[in-house]
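Next up: some structures, all given as structure tokens.
Okay, so chain A shows up in both of these, paired with chain B first and chain C after.
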Partner chain A sequence: MSAQVSSNASTSRAPDNHGLRLAVRYLVLVLIAIIFIFPLIFMIMSSLKPDGQLLSDTRSLAAFLPVGDISFDNYVDAFKRAPVLLFVTNSVIVTGVTVVLSLVVCSIAGFAFVFIDWRGRELMLTLLLATLIVPFETIAIPLLLIASKLPWIGAEGLTFGWLNSYQVQIVPFVVDGLTVYLFIQYFKDLPGELIEAARVEGATWWQVYRRIVMPLAGPVVATAAILKFLAMYNQYLWPLMVVQEETYRPVMVGLQYFFQLNRAWGEIMAYLSLITVPVLAFYLVLQRAFIASIASTGVKG
Partner chain B sequence: MKRRSLLLGATLASMLLSTSAFAATTLSMWYHGAGSDVEGKLINQVIDDFNASQSDWKVELQSFPQAVYNDSVTAAALAGNLPDILDVDGPNMPNWAWAGYMQPLKIDESKIANFLPGTKGVWNGQLYSIGLWDAAISLVTRKSYLDELGLRVPTLDQPWTAAEFADALAKAKASGKFKYALDLGTAWTGEWYPYAFSPFLQSFGGDIVDRSTYKTAEGALNGEAGIAWGKWWQSLFTDGYAQATQDPADRDNGFNTGAYAFSWNGNWAALGTLKAFEDTLFLPAPDFGNGPKIGAASWQFGVSAKSAHPEGAAAFIEFALQDKYLAAFSNGIGLIPATPSAADLVDNYKPGGPLHVFFDYSNKTGLVRPVTPGYVVQAKVFEKAAADIAQGADVEETLDAAVDEINADIEKNSGYGH
Partner chain C sequence: MASVTLKGIKKSYGVTEVIKGVDLTIADGEFTVFVGPSGCGKSTLLRMIAGLEDISAGTLSIGEQVVNDLPPKDRRIAMVFQSYAIFPHMTVRENVAFGLTIAGAPKEEKDAKVAEAARILQMEHLLDRRPSQLSGGQRQRVAIGRAIVRKPAVFLFDEPLSNLDAALRVDMRMELSKLHADLKATMIYVTHDQVEAMTLADKIVVLNAGIVQQVGSPLELYHQPANLFVAGFIGSPKMNFIEVTAARSEDGRAIVSATDTGPISAPVRTSVSAGQKLTLGIRPHHLALTADGPIAGNVRLIERLGHETIISAALPSGYEIVAALAGDVGLTLGQPVRLAPETSELHLFDASGVAV
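Here is the complex of A and B:
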């Protein structure tokens, strides 16, 4: 009897527990969401306020609210202070081209490492993985010395030295160990029968890559693209070293235009809000592709 | 036929000759002012005037944001891509000259005879750079504060002594009217620390490095005077007069909203403060025993070592040294014009002007930071030591460790050519 009572009690308590757990879970998720979203809200709200108010609001919750003297003046001033559109265009060009080239080259490299048997493969893979532990700062100076002497054929014919160009910001970053590694790991998990069947049917390696492997690679393409995009869009040290002309300057170096002796915080926030737009747009587009690719893929588990 | 070809040849030759007569040699120039609209207009005006004034040279400008300028120059020097003319922050010049980025500046030195001492970049007995302006620091307060606290107004001839300054801080704190007595600007990091705070040490009789040889910091930074400075510096924070960790918002806005009784700040912030309080006073630095001292030397122009046309670069720099440009920069960005005659042209700095005291402070109490290639490292070591002491680190130990670090660097670089 007592056992029955306790069992009744436990079944009647179960939904409550479930509801409570759900509530707690949502509370935690909401808190985490707030932690992530608040800096963005702070940035956007601050970009609408004059400096004095922006600084005094940081002491209260008003920092996150569109209160007080609200206007788009900071945006107007930011455009006056720096060629914002030029910097964003430069960064979008450099980032876009690098991401596309990187996806093509690194996926082909990953494919060759996983599916094709060639001499020296293990050694090359080891060397490639070893590059993962080398920080960029350690190779920046040798890379600068090389880039400053490389030949290039362009509108002006053959020239030497890549400084002050788009290619100097793109080419060194097309291939990186991490992206190739991501593709290798993903390709390894694809069912070998698919590839074997295609080879038996007479498909060339190129056809296997184009028709079979890449259509299944949506998730890893999205992941690699997002990582590469962020790394490239946030480039600071390298462009600082190789770009002296404003014409090729990217957004992160451009941010420094706003750090004068008397810092214009409102304009800094306006500039940051503006340069965040391409990042958010890229992420939202890829997020869709990411979900679609998982939903449509025939390979699960 | 022959005559026609002769005629053609003569026409071509005359065309070539005339174009070569008009083809000016391009001089590239780098400047740290990107992002400052006013500064951009001013420097472009000088360049346009220079280019129009003669036909031999054509200066082309490339502007950089200040925060990335030094690193860009270092990288370009490595890649062999330096321009003809560059600007350099005064205390960095010896390092750039020593590292082979710059060459001596050959201009008519009689033209800079009456320039403020801090504007002349001299290294190893040779002029390398010259500034159109200088900057200066003062102890900012309000006349009404001094009256309420019962304090006298110090002057250059009679600055506050250490005891008077201590008394002023104690009274400001005791009044309960202020969040803190003194705004030192600890929120600003980097060069601000050696620029703004090492003059206190020098007024105590110490220094970042021994200037008689530049080969050691022993005795200069950690001697009796250095330790006295360190203890005084630490007491500012332990006595609750100033913040060792300061919110940047307090630095930018604190004094103007009444949070501090005194602010240790530069002339570039002076106009904003005058707008906030009509009775603002810019006082000279206190005298801790060896006279009042403030940091000198701001941005200056020089010629890169790589320039194939140093005479053209020098011609431009000499052209820029006209009083009208010195005055224009001062009017535009609030810096101190390099000559008395230029100061006369600027309402803020002419005798009787609201900022004229800064000209006198720069002239009479300005002290350049140690003139040595090692300064770039010494500045960082000093910054860390000052910050550590402010946070409560042991004074003697911290200064001894700083001396070791500075000396090790000097040794590693074989004395930096001294």
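Here is the complex of A and C:
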């Protein structure tokens, strides 16, 4: 929008400069795009080359081009070396469930902090914000001790200890201070009279949440979902600590297969290319939802 | 439909008391306007009636029922907000039907009631639009539509016209008046605009600093203001005030004068004693140019409105007296003038500001 406005303005003042300015602007944007996209191109191209060529190509621009001995052998070998699909499935399950639960629980928490008056609200908010400055590494060991003793009712009846499971990778990350805070900040900017109008019209708090607040929360839902997805999909330390069995192993921990015995760079690149697909797919889907939600809400009207 | 009764209503935030004991009865079907300057507590009082603010002390009844502890949805009220507060993600139809949807009304009933509201407010053609496609006046109609479909006992309006431009405000004011006549519902309306209050109200409640200053019909407030605050707040341009000393009083009138005015005879309801310090109130519309008027000054400002001319005259003692003179009066700046008040329309207030 601003680019359009300023280019219109420059058209009316100095038509000769317009084309040049546009060219410079696009040149800069293309350069930035290249800087961001080159590592991805390098990864994908390398995944198609044998190790020897891959390493020798890094001395020239050939590293970014599909030249020389090109094949999908690395992908075939990667699938042989590690259960890639299982790892991707595990990560998608853990990430997907965590994102959905997190959006529901954190938005309800944010709603309660902003719209409902309850005793201890300020204290709870302070505690919540305090958790933002605690690095995960400092609580990882206590959390591991707790998780190793928690009860669970599953197919085998009542068991103790959550290690080697999906829930141990999901439950500790459903609520986090940052996501709740994102919702709080967004909800604070919603016009208070909308909520009061809904209350006067007879809506319960749950109806206000579901019919008024959440339909207007598209942008923050998209933002929170993207942040949560990336954080969960990239989990390494926690699953490394709590998951020893292949059955529940996520993608990042799965990487270690390719560093055992011999370091096969082509296979690593093939593996990385494969596990990038869900991230890109998720981002592209949500990016559309993000833009659509901004375009359709227009809270200010 | 229902009456609204407030008994000893108070509101405090911590130690700060913002509503200091309000006793008021609003009759069934009456259009009552709460008016006062910013921060006088009028909106807080309305929000307490709506159930959006807790009541610190006192009893609030709608009809026969005490509603102090009832949530807004159980008070049989509908409210129209200053910002309209229509839901941006719903169509006009969904907005108007919101309360019925929440109450679980069947679709046929909703459609019929929405159609009825749309007909009353002449917005049938807008029903499938989104709020972002509407003008300010149309949004206000939607907000009013949402209020009327539920057939509430009491309508509450919180400065509903202040976001509209001047011309639209006058139109909407007339429509609200008509709506009240059609629905015959109890309406409580908050505004800081005394012209809105005067034109809409059956009864005006003037508030200042959380205290009711006077309750009465628009003309009662205009002709018999209870105190200096009401006298200064109601009427436009504002009433002129001059410090005067009483010379004597007889037969319901007092003869008063200021340092730079001649003797002026004003009506009094009680008696005043000779030498008593008083404040004389003269409405600008009750002053006329004469050759021998008791108030003499020099013209400092002239506003020509066509049908009348508003002048400000400076008295030797420094008072500025505003007069609204009928028609186009040929005066120039600096010109000496003499003004005579209509003696039956004068007001006197004692040292504590209460009308005497």
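Criterion: the second predicted complex is superposed on the first by the 284 of 301 C-alpha atoms of A that agree within 3 Å, B and C clash if a C-alpha of one lies under 4 Å from a C-alpha of the other, contacts with A are read in each partner's own complex, and residues count from 1 in each chain.
The rule is simple: a residue touches a chain if its C-beta (ideal position, glycine included) is under 8 Å from a C-beta of that chain, and two chains touch if they have at least 3 such contacts.
A quick note: this is a predicted structure, and the numbers were derived from the prediction, not measured.
Contacts of A:159 after superposition: neither chain B nor chain C is touched. In the overlay built on the shared chain, the residue A:200 is in contact with chain C alone; chain B does not reach it. By the touch criterion defined above, A:56 reaches chain B but does not reach chain C. Measured by the number of chain A residues touched, the leading partner among chain B and chain C is B.
Of the two partner chains, neither chain B nor chain C is touched by A:185.
In the superposition on chain A, A:71 makes contact with neither chain B nor chain C. In the superposition on chain A, no residue of chain A contacts both chain B and chain C. Listing the residues of chain A that touch chain B in their complex gives 51-52, 55-56, 58, 80-82, 141, 144-145, 147-148, 161, 163, 240-242, 244-246, 253-254, 256-263, 265. Within the complex formed with chain A, the residues of chain B that make contact are 30, 34-37, 62-68, 71-72, 75-76, 78-81, 248-249, 252-253, 257, 266, 268-269, 272.
Per the touch definition, chain A reaches chain C in the complex via residues 191, 193-194, 196-203, 207, 211-212, 215-216, 296-299, 301. Within the complex, the chain C residues that touch chain A are 50-52, 71-73, 77-79, 81-83, 85-89, 98-99, 102-103, 131-132, 139, 143, 146, 150.
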